[in-house]
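As written, the chains take the letters A, B, C, D and E, and residue 1 is the first residue of each chain.
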Amino acid sequence: MRKIVTSRSSHVGAPPGTVSLKSGEKSRPARINIIQYDKDKYSSTEIKDAAQCRRYREASGVTWINIDGISDIPTITEVCRIFEIHPLVLEDIININQRPKMDEYEGYIYLTTKMLYEEEKTRNILIEQLSFILMGDTVISFQEREGDIFSPIRERIEQDIGFIRKRGGDYLLYALLDAVVDNYFVIIENIEDNMQALENSVLKEPRNSDLRRLQHLKNDLVFLRRYMWPTRDIVGRMAHGDVSLIKGETHVFMRDVYDHTMQVIETIETFQEIATGMLDIYLSSLNNRMNAIMKFLTIIATIFIPLTFITGIYGMNFHYMPELGWRWGYPVALSLMLIIAVVMIVYFKKKKWF
Amino acid sequence: MRKIVTSRSSHVGAPPGTVSLKSGEKSRPARINIIQYDKDKYSSTEIKDAAQCRRYREASGVTWINIDGISDIPTITEVCRIFEIHPLVLEDIININQRPKMDEYEGYIYLTTKMLYEEEKTRNILIEQLSFILMGDTVISFQEREGDIFSPIRERIEQDIGFIRKRGGDYLLYALLDAVVDNYFVIIENIEDNMQALENSVLKEPRNSDLRRLQHLKNDLVFLRRYMWPTRDIVGRMAHGDVSLIKGETHVFMRDVYDHTMQVIETIETFQEIATGMLDIYLSSLNNRMNAIMKFLTIIATIFIPLTFITGIYGMNFHYMPELGWRWGYPVALSLMLIIAVVMIVYFKKKKWF
Amino acid sequence: MRKIVTSRSSHVGAPPGTVSLKSGEKSRPARINIIQYDKDKYSSTEIKDAAQCRRYREASGVTWINIDGISDIPTITEVCRIFEIHPLVLEDIININQRPKMDEYEGYIYLTTKMLYEEEKTRNILIEQLSFILMGDTVISFQEREGDIFSPIRERIEQDIGFIRKRGGDYLLYALLDAVVDNYFVIIENIEDNMQALENSVLKEPRNSDLRRLQHLKNDLVFLRRYMWPTRDIVGRMAHGDVSLIKGETHVFMRDVYDHTMQVIETIETFQEIATGMLDIYLSSLNNRMNAIMKFLTIIATIFIPLTFITGIYGMNFHYMPELGWRWGYPVALSLMLIIAVVMIVYFKKKKWF
Amino acid sequence: MRKIVTSRSSHVGAPPGTVSLKSGEKSRPARINIIQYDKDKYSSTEIKDAAQCRRYREASGVTWINIDGISDIPTITEVCRIFEIHPLVLEDIININQRPKMDEYEGYIYLTTKMLYEEEKTRNILIEQLSFILMGDTVISFQEREGDIFSPIRERIEQDIGFIRKRGGDYLLYALLDAVVDNYFVIIENIEDNMQALENSVLKEPRNSDLRRLQHLKNDLVFLRRYMWPTRDIVGRMAHGDVSLIKGETHVFMRDVYDHTMQVIETIETFQEIATGMLDIYLSSLNNRMNAIMKFLTIIATIFIPLTFITGIYGMNFHYMPELGWRWGYPVALSLMLIIAVVMIVYFKKKKWF
Amino acid sequence: MRKIVTSRSSHVGAPPGTVSLKSGEKSRPARINIIQYDKDKYSSTEIKDAAQCRRYREASGVTWINIDGISDIPTITEVCRIFEIHPLVLEDIININQRPKMDEYEGYIYLTTKMLYEEEKTRNILIEQLSFILMGDTVISFQEREGDIFSPIRERIEQDIGFIRKRGGDYLLYALLDAVVDNYFVIIENIEDNMQALENSVLKEPRNSDLRRLQHLKNDLVFLRRYMWPTRDIVGRMAHGDVSLIKGETHVFMRDVYDHTMQVIETIETFQEIATGMLDIYLSSLNNRMNAIMKFLTIIATIFIPLTFITGIYGMNFHYMPELGWRWGYPVALSLMLIIAVVMIVYFKKKKWF
């Protein structure tokens, strides 16, 4: 069972904005990468000290501050302080158990969603929390781990591919969300492959482990759907113009992301219905196999029971049993048994019992 | 299991409007057919070069540009460029994994839905993506494959049957959608035939393969419903006047299409409920058959067990067993066994055990 | 399985308003009955020629044109032409596979619903399509077959019972709908009787056929609910003043019909929940019976197995088996077997195994 | 199965306001009790003749006319005539198969709901229909049977307890509804006791009858929920100010009744979920018991089968079987069998098969 | 089964505001703790006599009156009288079977929700009712039992941590609710641990008791969800500005609590889906174990049945059975049996039957 709840026990009654590492977790220094661009210019900087962010506060053009490693609480806190982010947002960025949501604050929006990875070795699905802050033309993104999911976007900015250099921070946010949602399709494809393999196994030779794999798969689908629905709502609000920081010309792009999330959700729900049907097939296959065995064995037993009864009769010790003295008694008895056996087999065959 | 997701792996992070063929897919040159008509005149042209479309941009009367073969990306791209279609629409036309939807843009609407065919040999249901662009009185339709579904409409235009020559591009769009939705009924009828055949098989003599067929059928129904719901929404918006390009007098026709989609959906959902009941019957039938066999065999065994016990008794080698020396011992023993067998059979019959 | 879909294959791509008989169906000449009344006068005429309807177009008072037999396409078409009915309505009247709906057109409303009959011999539920057109104070009703369901209303009009002669065409429409909905209760009562009979059978002695009957019943309920929901919506719209042709004073009567449809729907849904529970009882009853049999037989076998083992021991041919030579060997062995059998029976009884 | 539908067969096509007794039902003369009060005065009268109600039409203060026995159609009709009640309301009051509803008419509201009793002997739940008319400060209540449910309210009026004497007819209506809803809790408690008893039985020793009791219980819950939902809606509308006859100061009291109906509904739904779980436990318990028996018996059989085989071997009549002539052949064979039996028992024990 | 309904039998027909102890419940004197604070000052007082509350009615700054022990009816009544609380609220505070709700009255809001504890010994979940009244900057909280859940908040007030001293009564209410909701996570974590333990047990070696534990768990989840949904609605209304007593600057904090309740609800619902899957695994595991046993035993029986038949043949007493006289008859017969047994075992192995 996937661990869902992270401990908040230590948290009960704490004032809002309280941030702390989970016990046993090690803080890793965050990496801060800042990309600045407009139609004409482009620059990419790696900074060490969060305080250096301050000079990007009033920069012209689009500024994208990407922070890897949300366990580095001092850095995150410093960045939030510089951009005057609400303490509750700070808490949400660091608490990795957030459900996807978007909150509008004065002058900026905060949104958080989930990134999915497939762990290479175990093929388990890993979940990483992503947070974004859009403040005018500045986008700040927070990642749990370093990942290469945003590198194609960095390239598009650097090499001025598509519209990205011509548009503002809201378009950058769109591009980042689009990359995240497109990545869901990769996960969905893997799940589909797993389902196909499982279906083959279930149809050919159902095994005990199949049920566990099926259950595992169903739980994964429950999780995915759980993350996708609020993501859909967030993107929907941005697509339908409910968020003032998203400019009109970006709506149509957000609508595209929205369509993709809808597609992911519908695929997940279709998978869930198929998985339910697979359980029926699994149970029925198993049952059929068991029944086939029992039927075979019972038929064997049933054929021999009357024969054994006949041997029993001629094994009795009555003094006066004329058949025993007959010359052909034994061969006749054997033949009788043979005939009975054949008749029964024919009868069972005709009844299609085996 | 039907393949649902087409790979988007190569797509993650790509700028909007990126179009590419799936690996392994071959591009086929598109066929472009242009029909132009109004109350008085009619012309039908086949063009080779997408660029020739340009002169139809400002033509009077209704123009219907039908393009077969969306894998011919250069042609599609050229057409979209000529009509100044948004790059996201271009992407949607070519990506055949779109869910049915309608997007309004300035000056035109884009809508995509699914066409269903039954493959003749395998009787599998094939899904083809259809896209339509309505721009004033110009309708551009994109088909995956060449098909004859729109030929009756071509005839109606050519021979001036019904209202079609008297109305505008929105009515043409209605006529095309109506043909698509009417075609769903053909698929639904086939499914109904399959269900009826399956029901008969399940009731008469349930087989292992029936469950698989049932599951296949249920999955097909899940897919159909999945495509129909958004189609219903699209048509509903056009029927209820939410789309300015659809004129008032066409609403009542769209409402008719809407009623048909509703009917398809309700039929699908009814089928789903019936299919669920069929699973119960299947499992119960199978169980009954198995039970009948086991009962028969167990009864056989039960009848012979006491008889064999009696033969066992008189097969014992005690020196002093008076019955063994009796003149009528053997026939009496045989009769006793017969009586026991008859009594048991009568008892079982009376209890209606077989 | 009830046939749900009527073939539309020949219909794909046909222009709206196309009407045609299903193959194999024979056209029957329609009967047209016209009743005209107001506070003071009443007349009832049977006409032969649809063209005669024309003079009722502008008649004063309430006119009720009842047409039996919608397979007489020329007549229906003629009537629709006289009253300037939209071609789509004509198509809907004749296509008997309509789902219940109401469409408002300029100057008139069209509504169609289902009438349910129980076929006397087979006790199957038959479904007939009814269509109504309300145009000012003129009501045109279309029935598939001749039926006596509206005769009480004819009597009420003729004998001036209740309000009917004092009110307009909308009240007449209410009276007709009320008769239709009241008739559903007759069907519902029959279903209830069937369910009660089935429940008794399932509880006393579950049979294979019960499951089929139950499934049949469930499918019937699915169908009924499917027809009732849209009927409820239609009546609801007329009750809540959304339809301008229904005058304010008739709203309260429509609300009454609305309450009745709600009651029918809730009863159907209650039946569905009860039917689901019945399936559990059926399966469990069947299982219990089977288990009881198997248990009985297995116990018989289990009692005899050790006894037969003992006979086997004393059937062995060892030379030195002192018991065989004992004077009381045989009676002791028999007694031993008796004691074992009794002990086992007592043990099984005490364990409540049979 | 509880009888849900009362026959309306005789009713089809009858004009609205038609009231008639069900066949087999005897009319009982109604008892009319009239209580009149305001801050200062109180009077309670029993009247014989419905016509006497007339003088209470324009009385000052609050008038509560309570009528026991709705089968006395002439009296009910007379009362409705005096207060100018719509014929449809009259029909609804007498037809005891009404679903809970509230209808607003000019100058008065009509509402009907269900009263639940537990029959003392059979512990079945009886359902009685209650109707109320609120017309200014006059409340008319119609009960199917005489009951003592409203006596506490009579006392509160007589002895001037709480607000009741200080408020108007709408507060009286609230008090009556509150008594009705509070009474549901009594029923709910009884159901809870039944469920607890049933759960104990199912866990300890599942019996055939338990399933029937469970099904009975589930059906009762379905009925209760069916009555509660519309009751909730009625009370909700009165609580939220949608009903002009309910004054503002009474809203908060209606809100309290509303909370109680919500609580009843949620409890019912919780019970339904628990009952579903109980079915799983029942089936699983039954299965376990059956399995335990079969396992025991099969193990017995399995132990003896190899032993009997050995006796069979030494029961063979071959002339040259050296073991037969051995001095210790018999004891050795017996010991061998004992050893085999012990080994098998130990093996089964170790495998935890019994 | 958890007891859901508390007896209201004695309550039917009682006037609103009637409060009484349940029979068998002992009244415990309430503890009243009053904390008063603003930016600059802080005081905490324990009072004995409820009447002393009166002087805090018009106090400046924020006043938090915490009352432990709602069974002390006179005290609660007195407090409500002093603050002019509506009698219905008084009734709701004392009746511990309230569902979570918020009612707005003139000048104050009343809200009640549930606090969850895990009883240390039995690890059962205990439910305690909490009520809050917010009247301007005065918060009155009512607890069933003394608990330490609010002590961190007392500390935050005393030591001026976070915003709490700078804000009004609505922020205090937020802080209290936040502590309550955070506490739900503790319960949820415990449930998760239970589920994980149960899953391991079910997968390794399913036991009878597992089903009961699972059912217990499912019922607990039903209860939790039942309490969470209305809590969510209450917090949602306060977060979205529907409650005028909650100032704008507190909305964002309430929104945070709202997010947490959503997270709790989604976790509960995920648990419910997982628990349903666990039932499938449990039943299937049990079935597999049973099948394995039966299969093993049946195979044993099936192998010995033909062997026993052979011994039967050579146990027959026919005079002319040539094999009996053969020198090698016995060893050959034994070898034959061995061969048959080996062949059968090989066959079963190949078929993977054991």
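Observations
Operating definition for what follows: a contact is a pair of C-beta atoms (placed from the backbone, for glycine too) under 8 Å apart; a residue touches a chain by one contact, two chains touch by 3 or more.
It should be emphasised that the depicted structure is a prediction, and the values quoted were computed from it without experimental measurement.
If you take chain C and chain D together, no chain is in touch with both. Least step count on the touch graph, chain B to chain D: 2. Least-squares overlay of CA atoms from chain C onto chain E yields a rotation of 145° to the nearest 5.
Per-chain CA centroids place chain D at a distance of 26 Å from chain E.
The mean-CA centres of chain A and chain C are about 43 angstrom from one another, to the nearest whole unit. Counting only residues that touch two or more partner chains, chain B has 294, 298, 301, 305, 308, 312, 315-317, 321.
Moving round the ring of chains, first from chain A across to chain B, one meets them in the order A, B, C, D, E. For chain D in complex with chain E, the touching residues are 149-153, 156, 161-164, 175, 178-179, 182-183, 185-186, 188-189, 192, 195-196, 199, 203, 252-253, 255-256, 259, 262-263, 266-267, 270-271, 273-274, 277-278, 280-281, 284, 287-288, 291, 294-295, 298-299, 301-302, 305-306, 308-309, 312-313, 315-321, 351, 353. Of all the residues in chain A, the ones that touch chain E in their complex are 1, 3-5, 7-9, 11-17, 86, 88, 91-92, 97-99, 101, 103, 105, 208, 211-212, 215, 218-219, 222-223, 226, 279, 283, 286, 290, 293-294, 297-298, 300-301, 304-305, 307-308, 311-312, 314-317, 321, 323-327, 329-330, 333-334.
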